[in-house]
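Next up, some structures in C-alpha cells.
Two complexes are shown next, each including chain A; its partner changes from chain B in the first to chain C in the second.
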Partner chain A sequence: MEIAEELARKQRSISVAEFFEKNKHLLGFDSPTRGIITTVKEAVDNALDACEEAGVLPDIFVQVRKISDDVFRIGVEDNGPGIVPEQIPPVFGKLLYGSRFHQIKQSRGQQGIGISAAILYAQLTTGMPAVIISRTDARKKAHRFELMIKTEANEPDVRSRQQVDWDRPHGTRVEIEFKSTLAAKKRLLEYLRYTSVVNPHARITADIDGEISTFERVSAEAIPCPKAIQPHPHGIELGTLKRMLSAQESMTLEVFLVENFSRVGKQVAREICEKARLSGEQKISMLQPADQKRLLSAMQSVQIPAPPASVCLSPIGEDLIRRSMDKEFSLDFVAARTRPSSVYSGHPFVVEAAIGYGGKLNADDKALILRFANRVPLLYQPGACAITNTIAGVNWKLYNISQQTLPAGPIIILVHVASTNVPFTSESKDAIASIPEIEREIGLGLKDLGRELKLFLSRRDKKRVADDRARAICAVIPEIAIKVGEIVEKPAPDTQAIEGKIMRKVIAKRRTVNGTVQIEVNNYTSQPLSLKIYDFSPDAATDALPKPAFSEKSGDEYTRVWNCELAAGGTWTARYGGRGPGHLDLQGIEEKQKVVMDLDV
Partner chain B sequence: MSKKDLDARALPQLLGIAQGWYDQMKQGEIPSIRLPTRTKLNIAFDEASEVWKYGEKESLRAANTEKSAIHLLKMAYVIAFIKQQIREDRSSTLRELYYITEGWKRAKFETQDESNYLIEDLEILSDLQREAFHLRPEEDGASIFGPIRLKESTRRGDRVLHCQDDVGEAGYQIPNNMESVEFLDHEAKMVIAIETGGMYARLIENGFDREEKAILVHLKGQPARSTRRLLHMINEKFQLPVVVFTDGDPWSYRIFASVAYGAIKSAHMSELLATPQAQFIGVQPSDIRDYNLPSDKLSQQDVDALKAELTDPRFNTDYWKQQIHLQIDLGLKSEQQAFAARGLDFVTREYLPRRLAEMGVLKG
Partner chain C sequence: MSYLIYIAEFGLIAIFFLWFRDIRLFLTTRLPGYRKAAYQGVLFTALASLGFSIALYGADAEIIGLGLILAGLYLQGRIQKEKIFTDESTMERFFGSCRCNKDKDSGKK
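After this line comes the complex of A and B, so read on.
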C-alpha cells in the first residue's frame, strides 16, 4: 500500500468540539481553578446580554456548592427573557451556535462558544450532564433539560426534558458540575464585584458555598440595548465581501453598496465604483475575482464618515461609573471620562476611564487596575493588554502620583473599551491587542483624569496643612503655655489670641476636667453665626448649663443639641458633670471654616 | 567651674528659653526657636579656635505644625524637668530621661534618639553642656594610663590619683562629667590616643608609658564626649602633643577627625571638645605598603567612605588627599594589631619611635 493511501485512511475532519476538548486553554479552561471563574463569567455574560436585549433590570444569582472534595456544582440564574424550548439544546449543547456572531454591535458574548465550552468541560471532568431551566412567560411552565454534547459531531445530546414549576416568571438557570477547587474564591468575588461596577443597573447575588455576597445596583434604569448596524466599508475583509456578494447576486453594484453598508449613500457608492473602475449599474453577479479585489480596495480608500457609534455601542456613562466605583470602593475621590466615539479599521469604539483615590485603598500597594471590554472584566494576562501598557506609558509623576512602571499608591484605575469588535489578543478574551487608535483614546482619557486628580490632591494637601496647623494651635500650644507658665512661675499665657489671629475660623473644644465636661465654641470669623452644637457622650448631663434645647438617649449614648447665636469674636460655653469620652459637632458653618478639637485625647 | 557656679549659670539660661516662649505667646505669636542646621553642609572652619563649628545656616522651628509644636512641648517638659533636677541637686542618665518621659502623655519620647537629639538642641540654645543639666550618658568605660596626676571631686569627696601608681592594669576610668576632674601635674612627653583595647593593653604591657613617658588613652572606638574633653583639657593645660593611633581604614580616620576637629553632631561644642593640635600617627595607608602589613581588601562601603572623606572639609589637606588616594589605589586596609605579624615588640620598639621621630614628637 502506498504511504499516501495509508495516510489518507487516517485523515478525517475534526469537529470543533473535539478541537476545543484538546485546546481547553484557548477558551480559559486551562486549570480547574480558572475553570470555575470562566464558567461563572460565561454564564453571567449571557445572562446580562439576555436581560439587556429584553430591556429588564438584571437580577442575577450565582451559586457555587461543594458536592465532594473536588467536585463543585455551579448554578447561574437570571431574570432575562428565557429561551424557547426548541432553542435550548443547540444554544447550550453546540459550540459556535449563537445569535450575536453575525451582528455588528457591542455585546459580551459573541461566538456562542463560552457556555457550551463550560458544559463540555464539565462533561470531561465529571461526566455529568448540564441542567438548564428556562421560562419565557409567567403563563407558561418552565422547561427543564439535561444536556450533554456529542463531541465528534458537535451536536446536543438531550438526556431528559420535562416541564416543571419554577418560582421565576421568566429567566434561565444553568447548572454545571465539574472538578475544580475554590482556591480562586477571592478572584471569583472580585470578578463579580468588577462586573457590578461596569453594570450599574445589575444586582448580583452570590452564594459561594453558603457565604452570601450581594453587589447592589446603583441605577434602576435598564440600559438601552445596542442595535446592530451594517458593516462599515473600512472594516470589511475580502471573504466577507464575497459572501455578501454571492448572497444577493441580482442587485446592481450601487444598490448593493447602499443597502448593505453603513454610511454609504448614492454619492459614496458612486465614488467607490469610480475608484474601482466599475459601473454602478452592473449586476454584482458579473463581478470577476479581480473586480472584487479592486472593489474592496476602493471601499477602503474612499473617505467615508465613521460608523454610527451611538446606535451600536452602549458606554456606561461618567455619572454611573462614578457612582458604582464609590459604592464598591468607598473612595475619597473619583472621576470618570467617557471619550467621544472613535474608529479603528472600520470598527467603532468608545473608551471610558475612571480614577479613584484614597478611601479604604491601601497606600502601599500598586495601583489597582480594572480592565473591561464590553462591560466584561478582564482578569488575566494584564501584562499583555493594551490597557496596562497605556497606563504604564503615562507619566503619572506629572500628577503627583508615584510610579514604578505602573502607578502606585491608594489609587484605582478603570478602563473600559466598548466596541462592535474588541480586538482581543486571543480567543480566551483576556487582553486587548495593541491598536494605536485605542491606545491613544485611553491615554487621552487618563491624562484628563490625572489632571483632575492632581487638583484634588493639591486641595487635600492644603486642607491637611491647615488641619495640622489647627491641631498644633488649638491642642498643643495651650499645653506649651501651661508648661511654660509652670517653668517661669507665672500664670499660663492665654493662647486664644493666637487661635483667633491665625485661624479666622469657628473653633469648638471639648475637654473633661475633674468630672466636668467643658465645651467652648469661639467664633473667630468676621460674621455673626447661628449654630447648632451637637454633643454625644454616655453622660446623662441633667445638670447641663445652659440647658440643651434637645436631649435624647439612643443606645448607650446621649445626644444633646444646643442652639447658639454667636457674634463675630464671641465665645459660648457649656458644662455638665460627666467623665465619659464623647464627641462634638457643629452645624451652621461650612466644613472648612470649622475646627472641632477633642482635648481629652 | 564648681558645681554651684555651673548651676547658677544653667538655670537662667534654661529659664530664658521658656521666658522667650512666654513673651511670644503673650503677644499672640506662635512660639518658636532658632537653631543652626545640623548637617555636614553646615559646618565651617573657625580660624580663631581652629576647630570646625556650625556655619551660618539656621532653621526656624515654630509651633505651627503639630509635629514641631509637639517638639516644643517636649522641650518645655524637659526644661521643667531639668529645672527640678538642678533645684533638688539630682542627676539622671539620658536613658533614664527617656523612661521618665513615659508619663508625659503627648510629650512622651518615642525613641532614645529623640531625647539625645533634644538635649543637643538645648545645649545649642543655652550654650551649655548637658552635664550642666545634670544629665549624663551611660558609662562607656574609656580609660587613661600614664604619668599624670589628677583630682576628681566625687559625691563622696575629692580623690587625688596618679594614673600609673594608683590604678590597676586597666587604668583610670574616664568619668562622664570631666568638669569634675582637675589635672594637677605630669611627667609625660606626649599623649597617645588609641582606638582599640588590644593595642592599648599591648603598649601598657610593653611598658611604653614608662619608657617613652607617654600618657595612653583608650578611645574605645568612636570616642565619647568625655574622652574628647579629656584630651582637650590635657593638651590645653600642659601643651602636651597628642597623637592618634587607629586602624588603617576610612572609619578610623573619622575617629581621628572627631578628636582633632570635632564631630558633626556636636559641632556646637567643638571649642571644648576638639584638640586641633592632635596628629594622626597611623596606621597610614603608606604603612600598609611600606611594612607590607597583613591586610584585607577594601569593601565597596570602604571605598565609598574614602570617597566621601575626599569631599569632607575636615580631610581637605594634601596629606590626607595623598593617603586616601593611595589607599584607594592599593585597595587594602589593615588593623593596628597587624604589626604583631612582625613580633609583639615591633610596634613599641620600631614603628612608634620611628613615626614619633618623623612627626617631631620624639627628638633624637
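After this line comes the complex of A and C, so read on.
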C-alpha cells in the first residue's frame, strides 16, 4: 500500500514540449547536422505557406552564420503578411499551436510543431532565445520578440518585446542559434534547390556562411491558395464523428450530414439515413452509440463523389515543373505529368511526376530521385518511402533505361504528392507511407513518362546515326572532289557549301557577277536564327537592296550591317553595285555552325 | 542491309562511268594510255561487280565487297593517261568530250 502511494506521488502529466524535448528525433532533430536542415526547412515552409495565403510572390532570404566553433545562427526572412504581435509568442513559443490543423486543404505545415520545435532545440543546445521580427503593414513599426519555451507548461516565455524599424514593408524574420555543424551544407543547398523546383513562383536567396546562392523564380504569378473543404464521409472515423455530433446536438441528422461533410447533398444524406435505418428528421442528440456506429458504417458504404480536389489542392502544373527542372538542371529532355485527382480513405490527392534526361547529369550514376509532398522536398529515408519503392517497381528496361533496382543513367525523376493529408511514415515528414492508391497513381504517371522518354531516346539515336552518316559522307566528299578534279584536269572545287548543307550549317556566300555584288545566306539548321550580316568592301553600295541597317566608311573601306531573321531552311539575299573585293562575316551563330565563302577569291 | 551498300553502289556506278569515259576518250584520241584504260577497265569493272554482289548478297561480307570495289577504283586510277584537255568546259571534260582530235577515220592522232 505504501509503495502504491509512493508511486502515485510520482505520477504527473507530461507537457508536449517536454515530450518532444526528450524525443526530438521524432521531429527531425536527431543530430546537429540534420538539425540545421530541419530548422531551415520548417522556417522556409512557414514562409512559403504565409506568402501563399497572402497571395504574394515569395521572396525568401536564408542566412546561416557561424557564431563560434559549433554555434550557428540561422535566420530566415520572408515578405509574407507578417504576424500580429499578440500571436507571435504562441505561434513560435508553443508546440501544437497553429492555424492549419483544423483545415482540410493542402498546406506544407499542419500541426504547428515545426518552428517551435526548432526553438526548443535551440534553447536545449545553446540556451539562447529565438528572435522574431514581424511587420504586418508598411505604416506600422515592426515588432521584435525574444522568446523561449517553458517546457514544463508548453507556454511561450517572452524575454523582451520592442518596436523596431525594419527595411521590409511586411514579413517575418526568425533567428535561431543552436549547436550544429555545416557538414551538410551541400544537402542544405540541395534542399533549397529542390524547394525552388516545386515552388517555381518563389525566389530564394541563401547566404550560407558568406557564400551567396540565388534560386530565381521561373513564374511571376502567385499560386492560388487552396481553400479548406469539409471532411469527406469516407475519410471519417468513429471518434471524429462522435466529436462532431456532440458539437452540434440541436441539428437534425440530415442537416448535420449536409452541412458538415463535403459532397453530401440532401439525396446522399437521405440515402445514408436509410442505410443506417435512422430518420433524417431525428435530432442528433438522440443518437445512441449503436446508432452512431450504424451511421458511420452507412456513410462509408454509400457511393459519394470524390472530394473537390481542384479547390483544396494546388498542384504545380506540368509547364512549371518542366521550366523549373530545366532551369535548375539544364536537361536535354524534360517531360511532366499531372495525374487526375484521386482519393484514398476520403482524402483527395494529386500525383505529379516528371522525368529529365541528359544535360549535365552523370551517365554513370544512379537516377536522381526527387521526392516531394505538398511542395516540400523529402530528403531523408528514401528507402522507406512509397515513391522510391514505386520507382523501383517500374520495369525501366522497357523504356530503354538500365536498371539495378532503381533506374540508372543520366536521368532525374521527380514525384510530387499533393494531398489534404499526406500519409507520412513519421512526424519528421521524411517518407510517404505505402498507400496502394497513391502508389498506383505514381506508377501510372511514371509509365506514361517512360513511354515519352523512350520515344525521345529512339529519336535521338536515329538522329545520332544520321549525323554519323553525314559526317562519314563529309569526310569522303573532299577526296571525291580531288579525284574528280584529277579526272577533269582542273583544280578540286570548294566543297564547303555541300558539307555545310549536309551538316546543317548556315552558309553565307559572296560573289561578284557583272559589276553586282551578291550576298546569299542559307540557313540549313533546324532552328530559326536572328543574324547580323557584316560586309566589308571599298564599294559605297548606295543602291544596296535591302538597305543595310548600318553603313559607315572607315578608312578606305565601308562597313555595312544587315539584321536578318532567317527561318529554318530559309534564304536571305542582298545585292549592290560594286567592283567585288571585300569580305563577309556573320554574328548570332556559333563559329562551328557557320560557313562563310568568298567566291571571288 | 546497312548504308555501306549505298557506298558500294556508288563505287560500282563510278567505276562503270569511268570505264565508259575512258572508252569514249580512247575512241576520240586513240592514245595508248586510254587504250590501256579501256582494256583494263573490263577487269576492274568485273572486279567491282563481284565486290558489289558480295556486298549485296554475302551475309556480313559488306566490308569485303566494298574492299573489292575500292581496289577496282584504285587500280583504275593508277593507269597513266595523257593530258588531253585544252579549252573544254568542266562538263565536257567530265563526260569525256575532247576536241583535241576528231579525225577518227584516219585512225591517227
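Simple rule for what comes next: the second predicted complex is superposed on the first by the 473 of 601 C-alpha atoms of A that agree within 3 Å, B and C clash if a C-alpha of one lies under 4 Å from a C-alpha of the other, contacts with A are read in each partner's own complex, and residues count from 1 in each chain.
We adopt the following convention: a residue touches a chain if its C-beta (ideal position, glycine included) is under 8 Å from a C-beta of that chain, and two chains touch if they have at least 3 such contacts.
The structure presented is a predicted model; accordingly, all values stated were derived computationally and were not measured.
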First, second, both or neither for A:469, with chain B first and chain C second: both
Which superposed partner A:300 touches (first chain B, second chain C, both, neither): neither
Which superposed partner A:15 touches (first chain B, second chain C, both, neither): neither
Touching partner for A:502 - first (chain B), second (chain C), both, neither: first
Winner by number of chain A residues touched, once chain B and chain C are compared: B
Which superposed partner A:481 touches (first chain B, second chain C, both, neither): first
First, second, both or neither for A:490, with chain B first and chain C second: both
Interface residues of chain A shared between complexes with chain B and chain C: 469, 483-484, 486-488, 490
Complex contact set, residues of chain A against chain C: 469, 483-484, 486-490
Residues of chain C touching chain A in the complex: 3, 18, 21, 77, 83-85, 90, 93-94
Of chain A, residues touching chain B in the complex: 465, 468-469, 471-473, 475-477, 479-481, 483-488, 490, 493, 495, 497-498, 501-502
Of all residues in chain B, those that touch chain A in their complex: 14-15, 18-19, 21-22, 25-31, 63-70, 72-73, 76-77, 79-80, 83, 106-107
